[in-house]
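Listed next: structures, encoded as structure tokens.
Same chain, two partners: chain A is paired with chain B first, then with chain C.
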Partner chain A sequence: MTSNSLVSINELKIDVRITKSLRLKIVDSATFDVERGQILGLIGESGSGKTMLCRSLVGTLGRRGAYIAGGDLVFDGIDLITAKPSDWRDIRGKRIGYVPQSALAGPNPVMTIGAQLAEAIEQSENHDKDYIRKRSLELLEIVQIRRPEIVLKQYPYDLSGGMKQRVMIACAIAQQPSLIVADEPTTGLDVTVQAEIMDLLKRIRSEFSTSIILVSHDLPLINDVCDDIVVMHAGATVEKVSSAQVSHSLHPYTRALYSSRIDLVEPKGQLVTIKGQPPTVGQWPSGCRFADRCDFVVDSCRSASTVPLVSVAQDHMTACLRFDQIGK
Partner chain B sequence: MNLLEGQDVTVHFNVHGGVIKAVDLVNFALPQGQIVGIVGESGSGKSTFARVLAGIQIPTSGSVSYLGKPIQDGKITYKGDLRQAVQMVFQDPYGSLNPRMRIIKAVAEAVRQHQNVEKAEAKEIAQKLLESMGISALDSRKYPSALSGGQRQRASVARALSAQPKILIADEPTSAIDQSAQAQLLGLFNELIKNGLSIVLVSHDLGVIRYLSDYVYVMKDGKFVEEGKTEEIFNNPKEEYTKKLISSIPGHKSH
Partner chain C sequence: MKNQALRKILGRLVRAFSVSFWVMFISFTIIRLTPGDPATARLGVEAGKAATDALRKQLKLDVNPIQQFFSYTNGLFHGDLGISLQTGRPVLDIVKSTLPVTLTLILLSTAAAVIISIPIGTYIGWSGKSSSVYAFRTLTSIILATPNFFIAMIGILFFSVRVNWAPVFGYTPQFPGNLKYLWLPVAVNTLIMTAVVSRVLSSSVLETKGEEFVETGIIRGVGRIRFFWFYILKPSLAPTVVLLSYMMGTMLGATVILETIFTLPGIGREMIGAVLTSDYPVVQGILLFFGFITVALSFTGDLIAFWLDRRVKI
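So, the complex of A and B:
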């Protein structure tokens, strides 16, 4: 953990209770830091554990029957693993804002936007009505919602997908958190709306020095917006690299993900696709979990007991036993 | 002659006293063997128009013709053999796959529905179709819930292909799947074109449209505001709206 880290995640393991005696590993293991004022992109195929990692940062794993089974999770000097419910009340929403996955789930459908903002502003504090109204309008202005006085009285179904997502972001920044966790905030939204939301996140970062963890499948977008990129595969961090250096990735999975980018090939050109499917939760092979899909695989990849995430350059970590052969 | 054509297609919806012009006097052509894209933001009318082409939505006015013949004959749309010729796949493949049926069985049933074959043969055909869509024999014995989103989408394409269609209408086929699954599906669409299928591709994702389509229609508020060869539209857009869409693509040069 460097002095400038806001979040430090080290060999974090998350399990889920299936039955009384059956446990399933869904994250094993995640390792990365988030610097202050940084936008960090979290990528990886569906099921790789991105949402579970986000939930671990807001203490809502339990709602999915999941829990932290090992490792370290530290936010601004606070150990989140041993945090008690009373601690979480001071962290969730206040110091870590969360924009959950799926714009559809969005804001609570039976509460007005004003009521939801009030809830986000109040948390456990007691503010007077005037303050709440003033702050609500201010927040809607920050997220560039026009006619905020009217929107306060509206219900989510009155709003477009892009407006709903802006409201979710307004709620997430209500307490000026130092970290925002945004889980696929623009998936399913139109490109123009997406571009506006991304500009908004960038602006929040530069105005308030907020750190942002941004989950997305859209690699051009991640490259455009993020400083660093963390790649998850089958519950494990396989690489962390700066967006400027991602074309020099030393992990075959990252390289494969990036070579399936359709914006980088000629129309109808050959797309590089990753062989097979990611291994199913509960059926991870031993050794490297990417081995069956990898063009660089050798016997030792499968027989290795672990594949450590090692530092290969400044600010570049990779978990490939053959990293020195990749990209040659 | 164009395989599929829409003339002055208009769809109005009556909603609490008002009228929504979801599709407004639209003209469209799908030439044989091509992929024609329809791109536009949500609510622009893409899905409604796609449903008109598929014969699921009857237009308020205007008409669609297949090889020059109107698809609608009185109250019946796509009569007889024509019914199989046009198949549609949707954004959410959960809707078209029975959750309580193994994938192989769902596709085999579709084969039997469309082709006059015995059960055993239908299963063989289904297996081949699924394999051509990159779904292994092992995975095809699973239920939809046990597959990834990309696999489910490819299974629903396999199911649509069991009707041996001439035209596939794909409405946002890649919107619910991650990028590597998307690359797989687009690669398969490329193959299908080589085998003689024609495709109408509806998407709000300009990258997908640019990669796959020969010709593009840009839709806004129920109208086609611009159309042309794909490279023309992307390299030299004329309409402000098209320019705005293109400049919003992440990582776009002028950003």
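So, the complex of A and C:
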């Protein structure tokens, strides 16, 4: 763990309260760092705990009855686990921007785009109207929305999915936060728009040197954009690898995700899928949780009490007991 | 866009006018489809043919229905709704004297229901605490399952007979003296409306709560009052507003029961009296007013809903 990290997550555990006595483990071993100015891809199937991790970074776990049950979560020197509501007011929006999961439901349907941007710009400071308008137009130009003057007066209802998501990105960067959390920002958008949004995020990083956590289940989509890839499986980080090295991954799950991509340029005959289903949330088997779906499984994978995340190379960590035999 | 919104509103206005025309047409037709001859009804079967024919001529019933419709429409535009067969009073006068009573009853109970429902509905929908939701559902179900006349009678029994806070019957049209007679029927009506409105509002709020944009608003750190209005109430209010405008329309006719129990000289009671005596110009006139008011209410309701939330189709 370098001291330069903007976000440092170590052995983070998130539980959700089902009833008074029943607790369900959603995330139980998330470990990774986000460097300054880095785009980090967070990959995993549904139920792997990606969204809950994002929520822990913006402090909205409580809304879904979830809470942090252990581990460390530090953002820019601030311990987010013990952060008070007043601390959150200074962090949310100002230092951590958030781009919601669904582009279609992200913007408030009963406010004009201008009003939402103004809200994102203003927050606690009282800027005058001219400044807000100028800044709104500037933000819309950064996210490449044409005819911004007109868009300001429109409702989300009038915009396409891609434009809505651009507006959400504009809102997220309004206060120039040092981190943007984008939770599956391209869900429900068509492929060309997805690529445009990815380009936009990349440009924002290079222009403002903002760190971005980009959550997705689509490894090929984000691999070009990201510097590092963190793979989550069944509530645990199973691998952290630089995007350039993804094809040389040492975890069978990452390899499976990578080979199940659809190559549009050079279509191959057979579509590769991952066999089996991810284990039910909170009812994870002991030992390696990927064992039942893994081609490389041996008895010791199941009998091991835990599978530690070990450093195998510079910037490469993996949680596989047999990593030294994979990739050969 | 501005123009698009304007076009939608204009389209809705055109529809309101066309519905008004059909209201007029149907209120004219339906009364003529009922059995019985008004002239005979008034003069009695013993009256000679000459007398009945004379009355027919006076009532302009001797020409064919199409001509009758045109002369009726023509009268309408000059403020002439005909005269009562029973009392000879102009229908417009009857409406003018009875409608304010009913309207006061409806407006007061609607206002009270809105004021009470917004905090209750929002709280129940937003908190989602199972114990309070359960209590709320049970209570509103009981209220909704009880007929309004029963609630009214219990109200009279308690407030008028036991503690003597409200007169058992009577009315005075002057404000504020009329409130003495109106408060109990208004309270009964408010109770029923609150049950419906707060239920609808709470389920809308519950739905809004799960929306992604609410999460975005929290993360953006929106101030408390702004959040309450723009992220909870405004996106949830449209169905409630539409429901309210519809309820107010149907209540025009439905208050007849309350007006009878509380002996209020309202338009509903007048209407029942007119139906029972085949006083068809009065029935026709009142139906017409009911129709126009209902159309105007639903137009206003749709307009407010559209102003609140552009996703609403009008």
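Assume the second predicted complex is superposed on the first by the 323 of 328 C-alpha atoms of A that agree within 3 Å, B and C clash if a C-alpha of one lies under 4 Å from a C-alpha of the other, contacts with A are read in each partner's own complex, and residues count from 1 in each chain.
Keep in mind that, in the parts below, a contact is a pair of C-beta atoms (placed from the backbone, for glycine too) under 8 Å apart; a residue touches a chain by one contact, two chains touch by 3 or more.
All figures in this text were calculated on a predicted structure; none of them were measured in a lab.
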item: Contacts of A:C171 with chain B and chain C, given as first, second, both or neither; value: second
item: First (chain B), second (chain C), both or neither touched by A:Y98; value: second
item: Contacts of A:E119 with chain B and chain C, given as first, second, both or neither; value: second
item: Contacts of A:D224 with chain B and chain C, given as first, second, both or neither; value: first
item: Contacts of A:P109 with chain B and chain C, given as first, second, both or neither; value: second
item: Partner chain(s) touched by A:V238 [first = chain B, second = chain C, both, neither]; value: neither
item: Those residues of chain A which chain B touches in one complex and chain C touches in the other; value: none
item: Interfacial residue positions of chain A with respect to chain C in the complex; value: 58-60, 63, 88-89, 92-94, 98, 100-102, 105-111, 115, 119-120, 123-124, 150, 153-155, 157-158, 168, 171
item: For the chain A and chain B complex, residues of the former touching the latter; value: 45-47, 160-161, 188-195, 198, 217-221, 223-225, 256-257, 260-263, 265, 267-268, 271-274, 277-278
item: Chain B residues touching chain A - in the complex, by the definition given at the top; value: 41-43, 139, 148-149, 151, 175-184, 186-187, 190, 204-208, 210-212, 230-231, 244-245, 247-251, 255
item: Complex interface listing, chain C residues touching chain A; value: 1-2, 211-213, 215-222, 226, 230-231, 234-235, 308-311
